[in-house]
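What follows is one structure encoded as structure tokens, with my remarks underneath.
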């Protein structure tokens, strides 16, 4: 029977994978997907904690739901911006978006 | 009925939505008038919020709270949005038929901030924060045809999403330790363990991103530079203040220093933020970017108050956040006026400003000097509170670094002043920023000077607002 | 009659009121602008003379007190009051302020802005001497920094260094010094709060508290750094010669004449008064640095050719006397330091006024370009002569009183150092007489034949400052009794004793 | 007792000239003649008052002592009064100063008649007179120092009166600065007095000193005070300014640089005799310095050609004489010589001025000659002065010089005595070399010299008369009254015996004879003598290279180190500041490039920051 710490560890690993993706992928869509991984790690945490920690039974679930909704909104805006950017640069490579610097 | 307590929030939301709804079918001229009406009604909301300052109530089982702390920041955000909109009415004409969307997004962002500071629960806080942030993603990229603006929006989105994820992960760890997300209950159930520390650090990073603390500040210059100036202004004064308010409420109320002493990390981060912000600002040549770095440094000063976490420090934070609205908006408003006239925000665009429009140059100088903490302007008193707090908590070194860095900052402020006063301008025609901008500028100027000379009212307000922490 | 009016506030804000009136004048109205500036400074001057006369010496202490609570939670009050130390400096401010307006009579560009900034500057400087509240003191001190910067970059002159560089260096250097000062002030405030339980910025109230020794030493060191920078204490003097060289005449006058003195005033009024033990501990180090000022700067003066640099370095040198007077920490030496501040202020202002006038007409300040000017400009020459002789401490002029008193006082505490300090009078004589000789005397030079001697408004600085130099030197009794009434109270209250453990001799408490 | 009231008003003696100075300076500078008359009137009244004061002081057998003061600088721990101490010493000085000043000012009316800066000339004269009299009246060291410096600055102004000349400008500067060096020591001496005894008043100091037993300290104090004398009275090694001071108008040289101001150093020793006499080592040093200066200056005077410079070196030499006398303890003899010297030396200078005036500013004695017939009054006056200076009886110089020699002998300083005799011989020689060449020589002066106007010759005549009789108070004819009044218990008072008198007279006559032989009769060609000892001549004519040494010192040591320090200030102190600023900017520039525009590197900083903070937090807290 997995305990809370197993879940937390899983979430941490998932979060780590997300972080890795964010840092290493050059395609901006892939980066956004990696962010989703990080958010999912958060969701795992919330759900698992709700199961193991004896209080406020529904809060974790509610929080996870909110996260999912907000993430969807974020991605929607994100994709719109990517398209706009693609019109300028003909590229979705993050490395190309460096007009603003220094 | 609880909704009575939410009058400010409801009306702000209604204005935002109505603006969108009513604007459909209007021509550009009509939309411009509509935006003005929206600004006027926001002003009424502000008056309402001031009147209702001292109300206190906990709503929805503590998920949402109305208290003087939140009310203080509500006033701040409303002031900020009004001043920003006033000063940018000329600027936003370039959005033509999208002008109402722009204003309404600004109002929604303000709405998000209001929710954020009134949150009694981490969930509410998160939702409010995202409302604000997502509005800002769109706003940053509002000049879609402009590559810089689009890039700023995208960068903000990517980094903002990452920081949200980090913040959420931190929250989830706190939740794991305490089993609750209600801020006032977390403190009671806190236990010192690695998960707590990890949670606190990640929350620190998440909020640090919003307030632009080193090393989470990297987005700020790019986004500030690329965004339309009103958005930059609102990001600087609103988003940052909201970040600080949430930061403050969560950390001071929910995470007692006895469990985990985050104060020292705050102090170090504050010091790094002041140093990095000011040093990089020295070499900037674009005023927007310069003000961006300057705003990073300002975050460092305010953070010193949080590191102190005592009466003076907290009061200083509130005090500073408020005066920061006036000083920064004033500086950005002048920048806006110059941009509208010359199409550029480079330093050279400011050359000879004192001959063209002495008042603009004077206001720019005064607002910047207030940010640098030169008396008798507001910034000085604010810094005095903040660093008194820091010294009281034993961070004398932090106060010293902060004050020295303030003086270093005078260098780049004065460099710009020098350009304004002895630079040679191409044209000698006076800049006419428009009536509304003038109004905003005078409000900023008078507030900056008045608060500096007679800080007692604002300090009393801040005192009342922080009583929930003491 | 005086007691019913807020006479200090009136004195303090008169120039600001003048500035406000000027703001609303159109910038073409040159004459009204100048007359308003002159009138407002004259009223301040007249009021301060009145205060000088009306101050009750037998009573001593702070008089003409005004007190309005200002920021409750910081214990700040808008508190004004003057005693024997501040009255001479207030008088000095107004003497120089009034003269500076006339010394700027021929300013050609942006006249309106110039006088607005100048008047703000005068009020700001005055405020530091009038207030009895630490917060307000610091506030007024920093108020003046920015007007000075603007004045330098807009109306200054570039020679060895550009005016932009000079102005920026001056400003940033002083501001960084003030950062240390402000840190010290905050530390003091917080410590006092924790001791007494009431927040207070009142200087006298702070002085009434007993701070732990270690804290005193530490805090005094911060203050000494801050005030020392302002006083151009060696080796923190680098801003001073360049700054004065770049600044327009009026700013040089006010800066060298009054602003610098805030450092000395602060060391006495705040450093020694509030932190006597710290002062005693640090004092010997200050005395050593003071020697650095006196000898080092005087030596450098010997190699200077630019008149403003000569006076700039000489003011660094003269501040050494003030510093050693302060460091000796006895009644006589402190009396001497105060009168020396006054004396040097008047002298330096006169010097800069004369140099400014000459520069305005000849567009050069290089000593080698001049010679025999006494032929063409006898009045200017007498102004130079008076300032020069005052500078080298000629008896009968007020500076002598300062030097003599300081030497007498300092000799009690520091034998060797004072002997070296006295050497300063020889070096000063050398560079001053060289300069005066090379500029004023020698064969007539044709190229300066068309120069006009001082006349009309240009004479005002010479008459005002010159008569003070002579009056103070011939009849020092009155002003010294005034100063003594102030210094004595401080010395009595803090009970300065002989210096025991110090930074140089080591030892602990 | 009837005349004592005048003592209360003695302050007017100094005050009136000051008043004249102020009035001229403020109101009268456009009316030179009126300025001159005002100045003369004020010093005239002062001299009458001084005479009255002298009468009052000498009205009793012991001499009246009267002291009064008003506070000038007063605080706990330091008090300087403006006061007056009237005693025989002061009374004599007051008389000397006022009389000589009056005569010089009258003389100047003629000498300076077409001078454009006449008003300022008289203003300075008045200021000088006032300051000098204030110095004499002083009852404490503080006041003394104040006026000490003031006479110095007057001297500066008057030497540089013709400021259009570079030489005058340089000479004035040199005089002031050299004096400052002496004053440096003097001021330190005063500081010591205040420190040790807590007072600067002569009387209190004298009382305090009685119980004081610390010879080393006293030696230091005495020597420091003597430093002031060295400067003001132009003793070796600070004598260099006095010859150069001859750049000033001749009446100025007569008054300030011969009769009065330079004697202030001697007066200082007399005034503070109670301090000096309590340290025998100090006395010895003083005597040696004085004696050496006397000989040294006289030796230079032997070879010079400039009439004023010869007189200047003669003044140096005579001042050395007085200082030496002080050192041997013969205080009253020294003061006596001071008085007689004031008269005959000012006489000599004024007469020389008359000659120079007549010859259109010619000062080289070998361009003069045979003036006796053309300027009889001047010549007569000069010869009286020269005889008096040479010590020929019964002129005043004879009496005073003999007392000094007797003092040296009486105190056991045989070497000094011999030295004194030697100087007497040299003095007589160079003075009569002057007399013979200028007034009797075969050379013919250019132009057409004629006698000066009466306004100049009258003062000459008066001074000549005074020079003859001024020795009487110190002669047996008046029972050595001078020495009776001017005396302190510590001072030595030896009346010259007949043998001393004869010996000194013989030496003087020998000098005169030698001059007569060489310059009148041409029995001995001076050039041959020079050829015998070329190196000595070169040394003398170059004044022992002391001026050159100082010039070297200033240029090579002082100015070099000044330039070096300036370099250091720019390149070390300033550069440090600039470098700090530069590095601040530079680090901004460096940090700026962390913002490379790459979103992922921003993310890396953020996440890396989290890792670092987390690591630190976990490490620092003791949860793991």
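Observations on the structure shown:
So that you can tell them apart, the chains are marked A, B, C and D in the order they are listed, and the count of residues begins at 1 in each.
Simple rule for what comes next: a residue touches a chain if its C-beta (ideal position, glycine included) is under 8 Å from a C-beta of that chain, and two chains touch if they have at least 3 such contacts.
As the structure is a computational prediction, the values presented were derived from the model and not from experiment.
The chains in contact with chain A and with chain C alike are B, D.
The greater number of contacting C-beta pairs, out of the two interfaces B-D and A-B, is seen for A-B. Seen from the C-alpha centroid of chain C, the farthest chain centroid is that of A.
Centre to centre, using the average C-alpha position, chain B and chain D are separated by 76 Å. Distance between chain centres (mean CA atoms), chain A to chain B: 26 Å. If you average the CA atoms of chain C and of chain D, the two centres end up 36 Å from each other. Per-chain Cα centroids separate chain A from chain D by 95 Å. Shared interface positions of chain B, defined as residues touching 2 or more other chains, are 155, 158, 162, 166, 221-222, 408. In chain C, the positions touching at least two other chains are 172. The multi-chain contact residues of chain A, meaning those touching 2 or more other chains, are 22, 31, 94, 97, 99-101.
Pairs of chains in mutual contact: A-B, A-D, B-C, B-D, C-D. Every residue of chain D that touches chain A in the complex is listed here, in rising order: 592-593, 595-600, 603-604, 607. Against chain B, in their complex, chain A makes its touches with residues 4, 8, 11, 15, 18, 22, 28, 31-32, 35, 38-39, 41-42, 45-46, 48-49, 53-56, 59-60, 62-63, 66-67, 70, 73-74, 77-78, 81-82, 84-85, 88-89, 94, 97, 99-101. On the side of chain D, the complex with chain C involves touching residues 71-78, 80, 142, 145-150, 153, 156, 160, 163-166, 168-170, 172-173, 176-177, 180-181, 183-184, 187-188, 191-192, 194-195, 558-559, 561-563, 565-566, 569, 573-574, 576-577, 581. Looking at the complex, you find that chain D touches chain B at residues 584-585, 587-589, 591-592, 594-595, 597, 599, 601-603, 605-610, 613-614, 616-618, 621, 623-624. Listed in rising order, the residues of chain C touching chain B in the complex are 70-74, 113, 135, 138-140, 142-143, 145-146, 149-150, 153-154, 164, 168, 171-172, 175-176, 178-180, 182-183, 186-187, 189-190, 193-194.
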